[in-house]
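Have a look at the structure below before the remarks.
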Amino acid sequence: MLATFANPAHFMRFSAWATPLCAVIAVVLFAIGLPWALIYSPADYQQGETVRIMYVHVPAAWWGLSIYLFMGVASFVSFVWRHALADIAARAAAPIGATFTAMCLITGSLWGAPTWGTWWEWDGRLTSMLVLFIIYLGYIALRGAVEDEERNARLAAILCMVGLINLPIVHFSVVWWSTLHQPASIFRPGGSSVDPSMLGPLFTMVAAFLALGLALGLMNMRAAIFRRRVETVRLRGANA
Amino acid sequence: MSAFSVAFRRDFALMWSAGGGVVAPLGFFVGAAVLVPLAMGPARDPLAAAGPPLLWVAAALAVLATIERLFQADLEDGSLDQMLLSPTPLELIVLAKGTALWCAIGMPIALAAAPVAIAMQAPLALVPAIVCSVALGMAAFVGAGLVGAALTASVRRGGVLIALIVMPFFAPPIIFGAAVAAVGFGAAFMLLAGCALAYLVLGAFGAAAALRLQAE
Amino acid sequence: MSAFSVAFRRDFALMWSAGGGVVAPLGFFVGAAVLVPLAMGPARDPLAAAGPPLLWVAAALAVLATIERLFQADLEDGSLDQMLLSPTPLELIVLAKGTALWCAIGMPIALAAAPVAIAMQAPLALVPAIVCSVALGMAAFVGAGLVGAALTASVRRGGVLIALIVMPFFAPPIIFGAAVAAVGFGAAFMLLAGCALAYLVLGAFGAAAALRLQAE
Amino acid sequence: MAEQEKVGVRVQALAIRRGARLLFEDLSFTSRPGDYLEIRGANGAGKTSLLRAIAGFLRPVAGRVAFDNTEESALALHYVGHLNGLKGGVTPRAHMEYWRGLFGGVGSIDGAASKLGITSLLDLPVRVLSQGQQRRVSLARLLVALRPVWLLDEPAAALDSAGRSVVAQLVSDHCASGGVVLAAVHESLGPSPSQTVVLS
Amino acid sequence: MAEQEKVGVRVQALAIRRGARLLFEDLSFTSRPGDYLEIRGANGAGKTSLLRAIAGFLRPVAGRVAFDNTEESALALHYVGHLNGLKGGVTPRAHMEYWRGLFGGVGSIDGAASKLGITSLLDLPVRVLSQGQQRRVSLARLLVALRPVWLLDEPAAALDSAGRSVVAQLVSDHCASGGVVLAAVHESLGPSPSQTVVLS
């Protein structure tokens, strides 16, 4: 498996079928999850229908966070072992993670309007999510700004790793700073407090988001590899 | 193709790529706006009072953060000599630079002002006025920034110095802008527009005059 | 004389002269602090609430305005090659730069924080704590700034970019700093000190790693 | 450059001071259309300062520079100095287009590039080019916009022998077509100067 | 430089890529203490890249560079490249003091200055110096700190004839005292090279 990812040629062959597969899985899961979440699942006894936002909000939040962790690992691999594909993966993941984070922010504030009576509340978790979003933007901007390919990769890797170290510091300082946001209520000691009937659709959506993210990520990676090849040819021509 | 558009396209391309495209100014602005509540604490009321005006400080500082190298780079790599030798009046070339800066930084930030204003508890009704006023304000900041950048072009690491020179000129647009953020379109908005226009024109001439002295 | 002190003295001299000595950073800081009341209007209460924390935003932005050229100049004029060839570990040289920056910009600003805080209606009893915390906070900002400056050294006109990259790192020190400004010495102060230390070390290593890539 | 008006340069009793130091005074010379004039002198003699004074960047303390048939120096000059005036992230092609627009020139970019042997580099960012290649790009300015008077400050700096002979060719062609070339050099470019100004 | 250890440089099967372009591959040569080695090649051939790879700035795609009697290249090298590494606002004297501290050198500043003919400029800000004068300041680095291996990239660039002969003198002295000099040049510096590497 690792060997598959070690070498771009293998990866291209693997991703050639893996990408559409993920896409199909995503479609199927959404086909199941969306109606389940939006129609058949029960409304919350106090939040009413608005609770359905959770089925977008929570997966977006989880994957928004997890993707940055993934990028951190990938960056470490690419920095230490000069692993080209790991770098491509990190780069491909960034916009997706940023999008999920943005979705979490947007759905969150949409949700906040009815439940908290405000679009935005400067609460710990919200703020740290916003900071995460900014970290994503910084990473993307840096990748866009440095021209030299290899340097770009390694600098971005450093930024991503430093950001990873910084993330918990930010999170805890911000939470220490203030917290209004409801505490973890799904994975918490003593089992979940969310009605089990909500967990089914929730986790279907979580899986659907994962499949979608994978499909998009693989697509980005393939595009990046093609672009790199084209660029190489172009420069060869230029220097011939 | 007129020399103005040539200069504009070149500078816009340079700023766009260097700044990391539209993402960077947006991120900067949002980031600066986040620092404020972090410093003020999450309590709504003081934030609602302080927030929208502070958005102005953030916008002003986005310009400050960009202009330092505006002419310095041209001076150090010799491009300035070429601008001086061109038949096009230097004022026009400078204006092209300013316009490019406004398009590359000012417009994105003006757009970003909408969500930021909301996050800072600004009433929704005021948001359009805020966005337009920020767009105008950025033009004013750029105008003032041109002069500061030209004056300090030969000072390496003059970031703070330039800020110091320019800051006083930022006061009027900020005051008008804050007023707009409070009451929406109206007299303040007109004043802001006039201010922006005046700054851009004066800025172009002042900067050109300063640049002529920088080359020697 | 150790290479560290050599590097420190050189950089300190450069920043001192380039930044317009101690005056410019102070002016910038005070200026930024003045923009805020301007933007907020004269009303006392929101100002009292907003003022002291905003001093932190101003301090953070004073650093942002300075660091852009920190390593870029060295890269462009070839000094970086010499640093890399020196037997002294690059981390140490970077740390010297950071220390120099702190002495040239950070300390003056920390001192200026006293009058500014008072002007912004901060209770006198808190002023000492505020000054010390700003001094610590500047160290943290510098530490983060080193990384940002090193990462963007090869990006011309990266002013906004560097700010964007560095801003998330500013959040913790600002939070703690604002807390100190509210309650004086205490837990927050300890956290701030720890944060500053961590950032300086992390910054020196991160920046050195990035710089090694910049020369090629 | 038949369509180009012919312009002469008259330097009259020029004196230049840099800081506290008077580099030279009472320097006079005239170059007619078609002249190639060499400026020589040790390091620090004032060659660059002289050229920059002629270009109008530097205000002389005494004397004046006059151009026949035109009042505005800005319209008559090309200046290629120690600094190449290039942006690292921009390609040679984009630079030439910029100069053409800025100077209102009409020269062909590919023609200029092939003359200077940088055709294969036209679409690389200047940052990655070697010192000599960058110098060549900077010299391409002379060809994309026609101007009667060329001020060249060590034009052959960083060039290999092939590059030097290209410069020599450019200079003699320009003079042959009635242009004026003033070049500060440490060793001869090739074409025999119609006049040599030595600063000491 | 009797007290200075003698160091040889071995370049083994070196290959360097810039961007997509392979500049050269399988390049090998050895220079013993006392050697003066000339690197030649057209603009863009890869002279600078080679020197920077030897200095350790540039990672070669294949091959290696080894220094006898010392593992750390950092301790053995002086590099004078296209860029002078000077700060406009700082005086030559301050630069030399800085280098001496940075490299742990012991050379006399006034001695170096007089050798390079910049004594009268020691206290002017570098910004005001002429191109050639700045080059001389940058070369002074070689004298304030003794290092066995010198990597010089067009050391005579912008120098007048007097300056060139000074460089020639420095090179031959350094070799005579057992140092190694690798210089990329377009025309000979003067001293006859014990070896010439030609890149194409």
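Order of writing sets the chain letters: A, B, C, D and E. Residues in each chain are counted from 1.
Going forward, a residue touches a chain if its C-beta (ideal position, glycine included) is under 8 Å from a C-beta of that chain, and two chains touch if they have at least 3 such contacts.
None of these values were measured; they are calculated from a predicted model.
Using direct touches as single steps, what is the fewest number of steps from subunit B over to subunit D?
1
Taking each chain's centre as the mean of its C-alpha atoms, give the chain farthest from subunit E.
A
Per the definition at the top, count C-beta pairs in contact and tell me whether A-B or A-D has more.
Between the chain pairs A-B and A-D, A-B carries more contacts.
Of all chains present, which has the mean Cα position farthest from that of subunit D?
Of all the other chains, the one whose centre lies farthest from subunit D is A.
Measure off the straight-line distance from the CA centroid of subunit D to the CA centroid of subunit E, and report it in whole Å.
One centre to the other, that is 30 Å.
Could you work out how far the Cα centre of subunit A sits from that of subunit D, in whole Å?
Whole-Å distance between the two chain centres: 55.
Just how far, in Å, is the C-alpha centre of subunit C from the one of subunit B?
Distance between chain centres: 23 Å.
Any idea how many Å lie between the Cα centroids of subunit A and subunit C?
Chain centres of subunit A and subunit C, defined by C-alpha means, are spaced 32 Å apart.
Note the residues in subunit A that touch 2 or more other chains, in rising order.
Residues 131, 134, 137-138, 141-142, 145, 147-148, 174, 177, 234-235, 238-239 of subunit A touch two or more partner chains.
Find every residue in subunit D that makes contact with two or more other chains and list them.
Within subunit D, the residues that touch at least two other chains are 82, 87, 89, 121, 124, 128.
Return the residues of subunit C touching two or more other chains; collapse runs of consecutive numbers into ranges.
In subunit C, residues 14, 18, 73, 76, 155-156, 158, 161, 164, 167-168, 171, 175, 216 touch at least two other chains, as defined above.
Which bits of subunit D are touching subunit E when the two form their complex?
18-19, 41-44, 48, 82, 121, 124, 128-133, 135-136, 154, 157-163, 186-187
For subunit B, which residues are in contact with subunit A within the complex?
17-21, 23-24, 26-27, 30-31, 34, 37-38, 41-42, 44, 47, 118-119, 121
Quick check: in the complex, which residue numbers of subunit B touch subunit D?
It is residues 1-3, 5-7, 10, 13-14, 17-18, 73, 76-79, 81-88, 93, 215-216 of subunit B that touch subunit D.
Within their complex, state which residues of subunit D touch subunit B.
52, 55-59, 72, 74-75, 77-79, 81-87, 89-90, 94, 97-99, 101-104, 141
Taking the touch rule as given, give the residues of subunit C at its contact with subunit B in the complex, in rising order.
Subunit C reaches subunit B through residues 14-15, 18-20, 23-25, 27-28, 31-32, 34-36, 38-41, 43, 46, 49-50, 53-54, 56-57, 60-62, 64-70, 73, 76, 105, 155-164, 167-168, 170-171, 174-175, 177-178, 182.
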